[in-house]
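The structure appears below as structure tokens.
Order of writing sets the chain letters: A, B, C, D and E. Residues in each chain are counted from 1.
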Amino acid sequence: MLLGKVIGTVVASQKDIKLEGLKFQILQLMDMNGQLTTNYVVAIDAVGAGVGEVVMYASGSSARQTSVTHNKPCDAVIMAIVDTWNMDGNTIFNKAEEG
Amino acid sequence: MLLGKVIGTVVASQKDIKLEGLKFQILQLMDMNGQLTTNYVVAIDAVGAGVGEVVMYASGSSARQTSVTHNKPCDAVIMAIVDTWNMDGNTIFNKAEEG
Amino acid sequence: MLLGKVIGTVVASQKDIKLEGLKFQILQLMDMNGQLTTNYVVAIDAVGAGVGEVVMYASGSSARQTSVTHNKPCDAVIMAIVDTWNMDGNTIFNKAEEG
Amino acid sequence: MLLGKVIGTVVASQKDIKLEGLKFQILQLMDMNGQLTTNYVVAIDAVGAGVGEVVMYASGSSARQTSVTHNKPCDAVIMAIVDTWNMDGNTIFNKAEEG
Amino acid sequence: MLLGKVIGTVVASQKDIKLEGLKFQILQLMDMNGQLTTNYVVAIDAVGAGVGEVVMYASGSSARQTSVTHNKPCDAVIMAIVDTWNMDGNTIFNKAEEG
């Protein structure tokens, strides 16, 4: 899994029928130190993540293993909202401390 | 999923029998700011996308989860045509405003 | 899918039993403008492609969806021989015009 | 598989129901010479690895082939703790010699 | 598939139960001209390859399609030992000519 921040949304009325009702969120990927990179992915939200939240997503066939994405043409799913992210004894991110 | 613009077509008369009748479209990938990159992918169209349209595609085994691509040797599928793409409160792309 | 040119062959007498009789071809990948890159992949041929031909290949589990590669330890398959490849109104490649 | 060092943890209370009770560990990837790179992955631990240990992880659908990760939205699993890593006759890493 | 040279071994006593008895080999990847790169992968050996041999490996779910790796948390398998590798009429590698 990789970590990213929800920064936007894609709306698509003309889409595969299996995708009706799903929410496409744009994640800006974060590096190991919690810095935003220039890479992104569009992921389907399986956990109710909102814009600005730091999340974890799974790619590939594993992105279809939630009840929301099962058997759908989806290769990236937000499967967790990050509370804390610690590394080498330091707190890289703590949701409770965010504005 | 990633975003791209349909910029062309590949025609192949000699192909695996499961691919008969399918349309291969060339997508030029877009970065997070909606700019075209130098990367591309050839995807099978499952939603009737035309040249010039901004689309979303899924890769890998997830590309076989539409009725058009089921069980076929296809690793990329156009599964949605983008209407709007918003990010940090800005509109990166709006189909209705395109020429 | 991506596009490449068949430039060579790998011969391997000692291999997994499921791979007996299959042809391993080396593809030099092409960029969006039809130029050869320095990247390659070894793919199993499912369509009778010959050296010098421009082909399309599928990767990952999708590479096992042809009758030739079904259930085999193969992660790349040539599933089409390209006739024409058009982009932004220009012909990038036309098999009929090749020497 | 690739090799990495466990350097931290991600805690996420709001997550897909299938992920309850699993441990998300941050791996800093290592290059061929055992040096730490700037790349990372978040993996689910299937072998009881601790912070500071050098481990091997599997990606993609193969990450769901342990009893811990079966059918879960997980695309990376720690499936082994490295004892020794030898290359060209040299010891790159030996767990027994670590502090 | 990609090509690489077997340059070492990883030993891991603490590992997922499905991996008991398997051999983890380190492959240094080769470029299109047969030169060693700085990239590597750890692969499970399904064909009895030895250190110094040039091999072909498959990645992802295809790595689980040998009898040795079936249903195991393995994302890379050595599925062939290369005899010859020819490209544009030149021999890039010939096992019979190696010391």
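The working rule: a residue touches a chain if its C-beta (ideal position, glycine included) is under 8 Å from a C-beta of that chain, and two chains touch if they have at least 3 such contacts.
No experiment lies behind these values; they were computed from the predicted model shown.
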{"item": "Where subunit A and subunit E overlap in contact partners, by chain label", "value": "D"}
{"item": "Rotation, 0 to 180 degrees and nearest 5, that superposes subunit C on copy subunit D via CA atoms", "value": "145"}
{"item": "Same-residue or different-residue interface between subunit A and subunit D, half as cut-off", "value": "different"}
{"item": "Approximate Å spacing (C-alpha centroids) for the pair subunit B, subunit C", "value": "21"}
{"item": "Where subunit C touches two or more other chains at once, by residue number", "value": "60-61, 63"}
{"item": "Chain order around the ring, beginning at subunit A and proceeding next to subunit D", "value": "A, D, E, C, B"}
{"item": "For the subunit A and subunit D complex, residues of the former touching the latter", "value": "1-3, 31-32, 46-48, 56, 58-63, 65-67, 69, 77, 79-88, 92"}
{"item": "Subunit A residues within the subunit B interface of the complex", "value": "7-19, 24, 26, 28, 38-43, 60-61, 63-64, 71-76"}
